[in-house]
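Next come two complexes built around chain A: one with chain B, the other with chain C.
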Partner chain A sequence: MKRFLAALAMLTTTAAAQAEEVTTYTLENGMEVVVIEDHRAPVVVHMVWYKIGSADEPVGSSGVAHFFEHLMFKQTDILESGEFSATVAANGGSDNAFTSYDYTAYFQRIAADRLELMMQMESNRMTNLAITADNIATERNVVLEERNQRTENNPSALAREQFNAAQFQNHRYGVPVIGWKHEMEQLNLDDALAFYDLYYSPNNAVLVVAGDVEPDEVRALAETYYGVIPAEPNLPERIRPQEPPQRAERRITYTDPRVGQPYLIRSYLAPERNPGSQEEAAALVYLARLLGGSPFTSDLGVALQFDSQTALYTNASYDGSSLDTTTFSLVVAPAADVTLSAAEAAMDQVIADFMASDIDPERMNTIRTQLHAAEVYALDDTQGLAHRYGAALTQSLTVADVQAWPEVLQSVTAEDVKAVAAKVFNRDQAVTGWVVADPEDAQ
Partner chain B sequence: MKRFLAALAMLTTTAAAQAEEVTTYTLENGMEVVVIEDHRAPVVVHMVWYKIGSADEPVGSSGVAHFFEHLMFKQTDILESGEFSATVAANGGSDNAFTSYDYTAYFQRIAADRLELMMQMESNRMTNLAITADNIATERNVVLEERNQRTENNPSALAREQFNAAQFQNHRYGVPVIGWKHEMEQLNLDDALAFYDLYYSPNNAVLVVAGDVEPDEVRALAETYYGVIPAEPNLPERIRPQEPPQRAERRITYTDPRVGQPYLIRSYLAPERNPGSQEEAAALVYLARLLGGSPFTSDLGVALQFDSQTALYTNASYDGSSLDTTTFSLVVAPAADVTLSAAEAAMDQVIADFMASDIDPERMNTIRTQLHAAEVYALDDTQGLAHRYGAALTQSLTVADVQAWPEVLQSVTAEDVKAVAAKVFNRDQAVTGWVVADPEDAQ
Partner chain C sequence: MMLRTFLAISLTLFASAARAETDIIEVTSEGGIQAWVVEEPSIPFIALEIRFRGGTSLDLPGKRGATNLMMGLLEEGSGDMNAQEFQAAREALAASYRFGSHDDTISVSAQFLTETQDAAIDLLRQAIIAPRFDQDALDRVRAQVLANIASEEKRPNSIASSTFYSAAFEDHPYGTDSNGTVETVNALTQEDMFDAHARALTHDRLYVSVVGDITAAEVGPMLDELLGDLPANGPKLPADIAFGLDGGTTVVDYATPQAVAFFGHAGMKRDDPDFFAAYVLNNVLGSGGFESRLMNEVREKRGLTYGIGTYLVPKFHAELLLGSVASSNTTIAEAIAVTKEVWADTAANGITQEELDRAKTYLTGEYPLRFDGNSEIAKIMVGMQMIDLSPDYVLNRNDYIEAVTLEDVNRVAAELLQPDALHFVVVGQPVGLN
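Here is the complex of A and B:
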């Protein structure tokens, strides 16, 4: 009863700074709902996001979250194996699913008048999936083949696995989303069912409906299809192991004859967007743009590509969408006659110069304007908005955080960027990886 | 019923190659018992080993196994806090406990006629511990202070934590036994009780009694005190995450102004002793003695200390007692005018020379004789024998494996050593750590 009252109290309708109308509420069974109105076209995006990703997997069962994403397209008590997607296609829609460290999500884009059919099928497979040992054997081969294609055949992906494993000393972000091959090979029906029973539950899910719909209509349908599913009483609190203080840089040379161009990656632990506290993440968005990206305007680009021609390619990247501590990364591919150690020294000199000088206010203004434009354009992308809310709500953020983000981005100052850079550029929390075809290139 | 029959069938009495009389059986509730007779003195060692170590901890609760070792000395329904140890001491005995990656064990050494009192108290705290939130708060500070003393104040220990975390990409051997400080600080009564309820159970325990006792008498007492405790029906199978293929060496420089003498450590993944398959582990015992140890006879000692005076200290170490894949490590502390990179190159040259040449049969014979002598002496150390059996049985080995070990050690050939060296000396599975006081020493 307490939960029911709380759910009603959470019913709010908010309008973001710009166009989107967003309504959120929580069903009595704990399932969160976000409705984003966009009446420009008679289509709807229907997404169910589960607060379960690879970093929540039981130890020893890496890959089970992604594996389960595949199994969700198998038979249920009323659907044949494959019938879900076939039905979406027969109704003129498209569907897919994706798994990350923090979430697993399923979505369809379809004519707005087919929303009920989508909810009927999606709610059915939340609880009535009827997977068999045969499904397991078949689909395990499919995900193993996916790993072969994406990782085993890709030296950069294999190198990234090694660097990630060294970046995280305790957190499961060090384990690949697709899973370690030797653990994927052992995934079985029991693992899958235990995972499904616990995590595919309405109190662990977020429904996002975006498009030509009315919030009341969505609510009635959501209550009919999802509201009748009981909450999972044994759903564990989502507590993950956090990193201890990292005390020494890790250095790795990954050698693989398939590597075309030698390059180096430096990744540092970095803060992520947190509820009510997105300022550091916003400042890191600026830092990535100041250091990397354009060869003509970024610090790495100008110093290593334009001026000295030390590098063929430079980049800096950061994505604050993460439930737990994430990374800030730099990449440099040296020019033909430049060693990796010379390129790394040049990169470190760029960081040192950046820390030693003031940031040009004009550059801050340029980035601020670019980010404002990007946020305005984002509002026109209904599916992208739906993705934003789904990811945010499964990564501990709130609707208010999503709506505050553009303004937080606009408020970043040069001092904020310097402060967060001083915090992040800590070599003790870094992994430096060299990727080469031949051990002789590792110098 | 099936278990009862199995338990009776497992009752066997075996005599090792030399002196010790060992009797083993399993109680109806699944508790294994090992009795080692030694009637030379009227004393007994009473040990209870639990098949739970730090590598079995729930993720995010590192340190809980060791923390629980401390809590076991608190009050039960019949004992005051501290009364256990006080009673042992008042009866002229001594007691202690220890925690490793693979086990937690409690032992007392006392006059043989006090065995029943030991069993009475030990069986009592297996199930009737009455810890409180106050105990938690107090003892958490004790283990945090233990971490301060042993790890935070010790640069070598901090460095080793970093190297271990990089050595294991997936397995919990990468997490320190004492725990990460930030997770130790969060250990609470719920964590402790959940841990206790599940793992402190007779079907997860091994009783080892060694000394002036008769197997029948021990059995009667064990059945009276331990046999009445019900098996834990929900005890999970002991499955741990294993390492994926490691594909690239990790390199770490740990810098700490408290470091006195710079040194380097190279550690490689290495096989452990496995049930019925201890040959590779035995060969690694020889490899460690061939490469490290004596400055006058070992390969590293002769080349780096005696001949070239490149190093002040060298060592090679390996301990095959481990439930899962372990490590083989080399250490070199360079002489004052030698850089770490020169010392490392010299060390790698020793390995290369070792792999390129045959092993002198005389050296193999010398080590074989030393190991034989060590095994003979070991039989005289009853407490050491008790430890061997307890460790082995909590690390998946059997009594037969323990008894076969001396013979397996004697059977190692030079070819066996070369074969396992070729397998272990794989830089992709290695961590190389430099430990320095000043970044300038890292060259």
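Here is the complex of A and C:
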């Protein structure tokens, strides 16, 4: 705790005192509610997050979570197909939805006095969707074209898909969110309805309302519209197949003539943020910045782009927002006359050097300052704050975890970073991928 | 010492029930730099947006890519700091600086904490006024640009748009890639960088907005310090050019499963009295999300695409109405045929009163929602200045939308939408298209 205060002393307390105004409660039917106040503009973001993502899908139905997200914009008992979005637009708002491994979320951004209408419609489609086989046939083509656009037409996305499949052999993080094409083509009305009946229920949902609203008013509205929906008694416990211990390094080479620039990825299994236990994840945030955050000052950037001309691009990335085990990734795009094996050797040397030497305290301080400043900048983005809470609560974290996270980040020490690096940098728990246009480039 | 405050008006928007208040203060510094300021003390940081008109269109003959490369180098060493020293200083301040280059503009976007404001401005000043263009930095960033060029040459969307622009504008800067070519980028020298810098960042083409935890009185001295030492005048801007592509279809053979179509014809100038009618029309036609006619016909009814959109693009020297759609090689022909039908039907029969009303409600309701963060407000304000709008446009803009009549829209639809003039560039291996 003391270190936290020392770090903050570099900045004034006005910034340190800033924090979002958050109120939380749970409705009787189990629906969690988070209200974030921001009265700077008369705008509200209304989001409903379901604790159901692609990694919860039944075997053989990959893509159904995302497909269902599309179907939620079709007809209900009181809304015609497309009427939901049309009504939002007619009220000057915009709406959309997104699906990930761990959640599916629906949101509208609109004038704050239209919140009730949004709740009315969103609560209606939680249980009253009335989709038909016709909807299925047309919308399935739309998601197949979406897959074409995002994945089939994009060699990096195809490579990433192969890569994830190699990384996760038992966990559904190895299956693409949008689905495998051959399974998407078979998705039918029964798959969709079975999915909907079970998972779209208040006890599996989180409501996040952010903007120019009062918590009491939101509560009253939430009780009126969401509170009356019965909880789903058969909601299964969220148990997903976990990875067995990985005991051997995995390597893939993806060749596609549409690749413009060869590159390599190394990805290690890594711990995620867990309830009451976010310290390792916080240390991994520092590790990513130290190794690959800035091309000018990070270890990979300095060694491969400045001290030598080995790489055109380097990066290290880690995102601790995940329900189950996640990854820590490194990317290197070699310079024109450098082979992938030489680039990979140079990358491994950087890791070895990092492990063998002390971390410069100045760099730890700079990262601390940047993470602190990021919290100030984040206050300007209400929708981003809403996203933070929605994602966390669907990934098993609590409101307390979300609010503790900035402090946990400030408390990370160089020793913490070294300890987590020693744990994560295990080649037997890694996948290395080369992405090339021509087999001749894979050397 | 003191700035002169010309005007401070309270702008209040009423849109449906949304009411957005943005107090725009116009200031002119002692050194003559004009800026729009919004004081927003609730969060202790400042967003600064700077634009220079001209952009990559100012590249000299044979030097294509110079402005783009030059802007990439502003963060790679200046004053007495090399690239790494500069970035270490920036990171220690937790400030962010972004340097961008576009057809008609150069952009500098900065965010910094109030408490480190002076140091953040000093460092940004150094990058803008005194870049070094060290040879090692030049070579390093050049290699990155060359890799970008190689990647763009293999991306279906990039192939489609560059084929389209090249055919429409030929030798005009709009007709070539602002990254330059492998040949021109390889030939660029340090001298070219200093030259491009002196041409692109000049007082006569400067626009500035500032939003955040700062008073209007502080902005003038800050801007004189930051930008006072720039050269006064830039070179002549390129000439206006007419859209030069006839109707038709161009297929670029490329082995990829989904064909990408980039299409369009001539558009409308931003200062045309009919611009708002065209804007409303385009919303109904193809830019209104799920409510647009094209989205409804091509996606919702037929499932031919994940998305189709159209865009009014009033550049400084040419005007276009553009669109894009992607569909499997086997279905792209149908997607294009439906697009042409919608285009022709809208030109011939116009839109309905109901569609007009719906578009107006959406456009007027959505407008105040854009003013939702310091950087967003700064970007809107600097964009307004670049097209000669006054601060009270924020107040009146929804009235301009409301004033559009069905007769206006349908007259403009008949004039603007030219189904026979639409040119489609299709990249892929489309079935049933020549």
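In this section, the second predicted complex is superposed on the first by the 425 of 443 C-alpha atoms of A that agree within 3 Å, B and C clash if a C-alpha of one lies under 4 Å from a C-alpha of the other, contacts with A are read in each partner's own complex, and residues count from 1 in each chain.
The rule we apply is simple: a residue touches a chain if its C-beta (ideal position, glycine included) is under 8 Å from a C-beta of that chain, and two chains touch if they have at least 3 such contacts.
Predicted model only: the values in this text are computed from it and were never measured.
Q: Contact-wise, after the overlay, does A:172 reach chain B, chain C, both or neither (first, second, both, neither)?
A: Only chain B; A:172 stays clear of chain C.
Q: In the overlay, work out which of chain B or chain C sits against more residues of chain A.
A: Between chain B and chain C, the winner on chain A residue contacts is C.
Q: Touch check for A:276: first (chain B), second (chain C), both, or neither?
A: neither
Q: With the two complexes superposed on chain A, say which partner A:302 touches: chain B (first), chain C (second), both, or neither.
A: Only chain C; A:302 stays clear of chain B.
Q: Contact-wise, after the overlay, does A:252 reach chain B, chain C, both or neither (first, second, both, neither)?
A: First partner only.
Q: For A:62, decide between first (touching chain B), second (touching chain C), both and neither.
A: The answer is first: A:62 touches chain B but not chain C.
Q: Report for A:361: first if it touches chain B alone, second if chain C alone, otherwise both or neither.
A: Neither partner.
Q: Which holds for A:230: it touches chain B only (first), chain C only (second), both, or neither?
A: neither
Q: Chain A residues touched by both chain B and chain C?
A: In chain A, no position sits in both the chain B and chain C interfaces.
Q: Across the complex, what residues on chain B touch chain A?
A: Touching chain A: residues 59-60, 62, 158-159, 161-162, 165-166, 169-170, 172, 174-175, 180-183, 239-242, 244-255, 433 of chain B.
Q: Which of the residues in chain C come into contact with chain A in the complex?
A: Contact set of chain C toward chain A: 15-20, 40, 42-45, 83-84, 86-88, 91-92, 94, 111, 113-115, 140, 143-144, 146-147, 150-156, 255-258, 260, 288-291, 296, 299-307, 326-328, 358, 361-362, 364-369, 371-375.
Q: Give every residue of chain A touching chain C within the complex, in rising order.
A: Touch residues, chain A against chain C: 11-12, 14-15, 18, 40-43, 73, 81-82, 85-86, 89-94, 109-114, 137-146, 148-149, 152-153, 257-261, 294, 296-297, 302, 305-306, 309, 312-313, 333, 335-336, 366, 369-370, 372-374, 376-377, 379-382, 437.
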